[in-house]
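Below is one structure, written out as structure tokens; comments come after it.
The chains carry the letters A, B and C, assigned in the order they are written, with residues numbered from 1 in each.
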Amino acid sequence: MSDVLSMTGAPAKEPAHRPAQRGAPPPLEVRDLVLRFGEAAVLDGLSLTLGPRGCTMIMGPNGAGKSLLLKLLHGLLPPTSGRIDWGGHTAPAMTARQALVFQKPVLLRRSVAANIDFVLKARRKDPARRDGLLAHVGLAHKAGQPARLLSGGEAQRLALARALATDPDVLLLDEPTASLDPASVLAIEGIVAQARDRGVRIIFVTHDVGQARRMADDVVFLHRGRVSAHSPAHDFFPEPACDAARAYLDGRIVV
Amino acid sequence: MQSIIDALGLAFALVFSADADLLEIVLLSLRVSLTAAAVACVIGLPIGALVAIGRFRGRNAVLIVMNALMGLPPVVVGLLVYLHLSRSGPLGFLGLLYTPTAMIIAQTILIAPIVAALSRQVLEDLHAEYAEQFRSLCLTRIQTVRALIWDARYSLLTVGLAGFGRAVAEVGAVIIVGGNIDHMTRVMTTAIALETSRGDLALALALGIILLVISLGVNAAVQSVRMTAARQAYV
Amino acid sequence: MPRPTLGPAVAAALLFAGSAMAQDQSIIIQSTTSTANSGLYDYLLPIFQDQTGIKVNVVAVGTGQAIRNAENCDGDVLLVHAKPSEEAFVAAGFGTERTDLMYNDFVIVGPAEDPADVDGMDDVQGALMEIAVNSALFASRGDDSGTHKKEMALWADSGVDPTAASGEWYRETGSGMGATLNAGIGMGAYVMTDRATWISFANKQDYAIKVQGDADMFNQYGVIPVNPEKCPSVNIAAARTFADWLLSGAGQEAIGAYKVADQQLFFPNAPDN
């Protein structure tokens, strides 16, 4: 567990903008990240260091900037200032090595199978992998059905299969189980845990304390656009490192 | 009122007599306007898609022009095409004036802006939904456009239908570039114009009713395809 | 004028409709509407095609537009009824020669009510004067057609300038003969029309011929092959064959034989060979 939190320090060379080659998940170094919309600073000087393995749960009250942090790490949004360094690569250069599963999955208006086929073809992956991916997320029997008629849990599993189809080094999840029933939550957690065990780096935003306990190797607690606590899971839950995290875990409102 | 009742009777009589001339006119109408709609889609769809997902300088101006061109008067399009295709015009050597091809060209010009403007709207709405997911998947622009067009195909079918509807109903352009020549370039609308000028209002109206029925048929066919798609949540 | 290119549309349409080219032995007549709307061509052209194998395609527009289209080389033969304009067309080199083909006459039709009380008059200038004096509605083509030119000449003879009352009792439709008749009948206006169009016109309602028989209402049709020196695309051989046939005994006989409601519509008067 120690390497998850190891402080490797900034790499010597400048981040490269060309797309990163696939390989082992890189460590992440975030320095003084600021994201402003007009006057309002959503992220306000956030710094964070993550090792190359494991499952990091990001928690924090609504508006703390969790989802936006994921989009910045994924390269979908440029920060107002500050630096994101994925083992020598910028966030946009890493987009193709990552997959992001959104809270509300955006599925194509096609069959379940075609949703996977589309990604495999677009990303030049082996098309024969489709059936295996669907079986892996328990959707083999729904292959021919319209994706948009799936239940919430099934839709999210399909989104997860699609994310895994891209062979990501890093899997980013933005509250993927919000508003799902317990069985669906456990199914998705199982798939994510298997990915982690295969060496995929997991960064997982959640509000579900139980989920965080089940999944976390380490926990990052965001508050008012900054990291207010970052500790291994076995330390975080018994004794949260800051008052805000304690209040959050106790179910008291954090503003 | 009497003419309308006469016209209904005449329309039935014409249809059930399977009049060869009528059939020829109906088939030419369909051939010209369906072809024009297809060509307009080939031209208009990519333009609509580019404007839908593109962010470039002057995009608003392009939007305004595209939307304004939807209101092109058919007669103006007819004149413009006539001036080009006339023997004394720059494309006169092609010998296309007074042929169905000339009519297809005129109607294509008339409806391509409609297809472009409406498909732009359809694709932009869908893109708003898909854009972030597609960027996350690192799709190229071409892959994005192709996926948008494919996933919007049933809505775009309606767009093509709107183009077809405008084409099959217009008379101003085809009568100038087609010349309303019997057995050659006479279509439903120019036949209606001719019978009106002959004062045979009942026959003109009967032809109008038949045109309406054909239009209904084409619309019903497309609508049923769309409803099947909607049941599959593909719309 | 700036000409936006139609290239892509043309190319695309060609792909989709390659089969649409005209046949070899076919010609286009740029024609006045009366000969087409009265059904004369439907009667004449099959006879001609049987005898010669030449297919004749008719573009029926007003005389003014027919002449302009022919000047653009968009026809092989011109068949209209406005002698001064036709002679100017030939003089400018667009036509080979003009020949009288046939005639009918103009009439003034009006509603049963006859507000200007012109029924039965055979003095057209007098009748027009009555219409003007009574400010009775009069619907004019107003489209530079042969009929319109003739009507303007008759007004000039009668010493009335109807355009001064344009929009009041004098209504210029800017449309073809049939559309003008429909409009005139709709508003209860007198209309000047050629007899052939009137006889075959189906929407007469309570209208009838009120003024006819004046020698000034004579309506001469002429036929002109388009000049291949100006327009190399003209099928001059077929155009001549057609014009010659119309002017021949067989063509003249056929024109005289065409009847609607038992009435002869056109009277052949080609010069004897």
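Quick note on the criterion: a residue touches a chain if its C-beta (ideal position, glycine included) is under 8 Å from a C-beta of that chain, and two chains touch if they have at least 3 such contacts.
Predicted, not measured: the structure shown is a model, and the values here were computed from it.
Undergrad: Taking contact as defined at the start, I'd like the list of chains shared as neighbours by chain A and chain B.
TA: none
Undergrad: Measuring between mean CA coordinates, which chain is farthest from chain C?
TA: A
Undergrad: Which chains share more C-beta contacts than any other pair?
TA: B-C
Undergrad: Please list the single chain whose C-alpha centre lies closest to the global protein C-alpha centre.
TA: Nearest to the common C-alpha centre lies chain B.
Undergrad: Taking each chain's centre as the mean position of its Cα atoms, how many Å separate chain A from chain B?
TA: 48
Undergrad: Take the average of all CA coordinates in chain B, do the same for chain C, and state the distance between these two points in whole angstrom.
TA: 33
Undergrad: What whole-number Å value describes the gap between the mean CA coordinates of chain A and chain C?
TA: Here the centre of chain C sits 80 Å away from the centre of chain A.
Undergrad: Which residue numbers or ranges of chain A touch two or more of the other chains?
TA: In chain A, no residue touches two or more other chains.
Undergrad: In their complex, what parts of chain A are in touch with chain B?
TA: Residues in contact with chain B: 74, 76, 95-96, 99-100, 102, 106, 108-110, 118-119, 122-123, 146-149, 166.
Undergrad: Enumerate the contact residues on chain B facing chain A in the complex.
TA: 129-130, 132-133, 135-139, 143, 147, 150-151, 232-235
Undergrad: Show which residues of chain B lie in contact with chain C when the two form their complex.
TA: On the chain B side, the touching residues are 31, 35-36, 38-39, 42-43, 80-81, 83-84, 86-92, 94-101, 104-105, 108-109, 112, 179-182, 184, 194, 196-203.
Undergrad: Give the list of chain C residues in touch with chain B in this complex.
TA: Residue list for chain C touching chain B: 3-4, 6, 8-10, 12-14, 16-17, 20-22, 28, 33, 37, 42, 57-60, 69, 71-74, 176-179, 181-182, 200-204, 231, 233.
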